[in-house]
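One structure follows; several queries about it will come next.
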Amino acid sequence: MVGFSANVGKISRAFKSVNALVDTVPVVFGNESLEIDSVDELNIGAVSLSLNEGAFHSYDGNGTEVHLDIEQICQLLSKFDRGSQATIKCDVDKSLVSLLVSGYEFELATIHPDSVRGGRKAGKVDPPAEVTIEAQEIQKAMRLGDMFSEEIIMGIDDSREVFYINSKGDSGNMAVSYNSGDDEITFIENERAHGVFSHSYLYEMTKMIPGNEEISLKLGEEYPAKIEFNFADDDGEIAYGLAPRIVE
Amino acid sequence: MVGFSANVGKISRAFKSVNALVDTVPVVFGNESLEIDSVDELNIGAVSLSLNEGAFHSYDGNGTEVHLDIEQICQLLSKFDRGSQATIKCDVDKSLVSLLVSGYEFELATIHPDSVRGGRKAGKVDPPAEVTIEAQEIQKAMRLGDMFSEEIIMGIDDSREVFYINSKGDSGNMAVSYNSGDDEITFIENERAHGVFSHSYLYEMTKMIPGNEEISLKLGEEYPAKIEFNFADDDGEIAYGLAPRIVE
Amino acid sequence: MVGFSANVGKISRAFKSVNALVDTVPVVFGNESLEIDSVDELNIGAVSLSLNEGAFHSYDGNGTEVHLDIEQICQLLSKFDRGSQATIKCDVDKSLVSLLVSGYEFELATIHPDSVRGGRKAGKVDPPAEVTIEAQEIQKAMRLGDMFSEEIIMGIDDSREVFYINSKGDSGNMAVSYNSGDDEITFIENERAHGVFSHSYLYEMTKMIPGNEEISLKLGEEYPAKIEFNFADDDGEIAYGLAPRIVE
């Protein structure tokens, strides 16, 4: 039997961040942390979640892997106060998953492992350039870029120390850039980078992050993009990987 | 000529409660109260409204029955402040219904009696078990149960004095229960009860009740469910009857 | 090169008022004011915008006419704070339009003049009767009239000094009227007037006006209706013309 108890708000944030890409995933109840690594159906995006023991009221893990429909869990939790406590228990032998919250008890269908996508770890990609930027800057660029194209161009002009986001379409173009003097951005690794990415993936990956929180964005030339952020007082960590589009 | 004047909010609540099941109904302007008894098109749910003279600023009734499109009246009233006063006058001889509110005058099409469903009175069903419970508890169970099934199971385990609401589906099950020690519930008649009901009917019947108001829920074995509540300082009374599903 | 800088809120209000009828228009950058005159695709409604130099932080005009997709501009501006400053520059020789706001730069597709509807000036119609009335009174009548018919009847009974709005349909009729003693209205020219108009055009023309602002409504017999209001501290002026429906 593995499982945990934690705040509804904390579990929701963790699982919704994964659910941005996938709905059913293998969840590893490690000895000291809960871990998810998965890729989306089209192999374009990857997500890694790590949630340390410290994020939970109580936690039981022994390395067991359980396949969960995290979309269903997110939908159920959304009906309860974020401050409530939720408990998830997985009885692997009996293929039973139960969710208890505020007097409600849910028995959830277990997912057959064959229908679950595990995958390469988003965490293993390591693009050379890195900036940290407030999530709301990326979110705004996504809302505006959406009016021109399904593709978003992101890159760093290292000679000028400028990070740019562009969108080009039939009805016009958008350009926004940040340089090292701007408050919203910090250049951690000022390396040349340029890539074309799916707008909808970037939108899904970033839309739920509180706007004033900082995220790390790693880029390169012919590299995937990598987006990382912490939550739950740094006990939780999300890393997204996003393959660049091949532009002919 | 029969008719009345009353608060927009009061009339809205009364008519919307009926409109949850039906849109056109026979309205009896009795000597001392306005009465509606109707069943829905599929004969699954029944609704009875009784609104005493005391709920109105002024009231004229003589037993006349008038057929009204209460859905249209609800839609019109929704555009006015709840504190405004509305007047409805019915001239049966001329088949004229007029609604006056805040300087607006509406002449409403009268409904031909043949297209109106009257029906058995919801009030006449009398299931043996009864609890009173805060409306928000039922509303929450409806929101959650919806994720599993179109059927809701409600019942009372009299040996343990427990009221339960369950939902069972392919993707999992929901269970919530209340016992006699819980604040949200009072057991008026602790009798054995169990039934399977339409989720959507229960949802429609309960969704507009202010969450912190108490409703009476009467149940039995092979009985319809009955939901009753008062409003307008107890001058208004709604009773819903809901046929159980036959489970093979 | 012509162009201007101004508050996002001010430009939005001006262009949205035009966009209520048309999406691409010829914009005349006059010496002392920006001017738009256009008619909608069906030749039912006309709109004139005049925005004086005083409404802008800076303004460059020389009589040049530029064809703009104002719907696109409105959509982009809607993503920025109303208090931000936006700059539009038009390089007619290069067919380039650029919009700069809050660090973003947009290059917008220019519109081929042949695909743009210019038109008769709404300002040239001059119906004999006139009232001024709070926008919210018209807005409320539009919301209610919508339930009965796609046509709205407006007129003035000069013998009683009464302005009326009616709607007649199969499911009933609506009538509301204002007389010279009412706070919401002022009779500027008390002349006989009566006309049948498109509900959806009137709705679009009035829906964005702040409810407590006064608008001028000019009417006649077999005249178009004319709706006028000022904004931007009277530096901006909108006039709509609306052809009456021919009623047989």
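Note that the chains are named A, B and C in the order they appear, and that numbering of residues resets to 1 at the start of each chain.
Keep in mind that, in the parts below, a contact is a pair of C-beta atoms (placed from the backbone, for glycine too) under 8 Å apart; a residue touches a chain by one contact, two chains touch by 3 or more.
If you're wondering where the values come from, they're calculated on a predicted model, not measured in any experiment.
Remark: rotation between chain A and chain C after Cα superposition is 120° (nearest 5).
Residue numbering at the chain A/chain B interface overlaps only partly, since under half of the positions present are found in both copies. Distance between chain A and chain B, defined via averaged C-alpha coordinates, is recorded as 45 Å.
Touching of two or more other chains is recorded for no residue of chain C. The touching residues of chain B, counted against chain A in their complex, run 140, 143-144, 147, 170-178.
For chain B in complex with chain C, the touching residues are 69, 72, 75-76, 79, 103-109.
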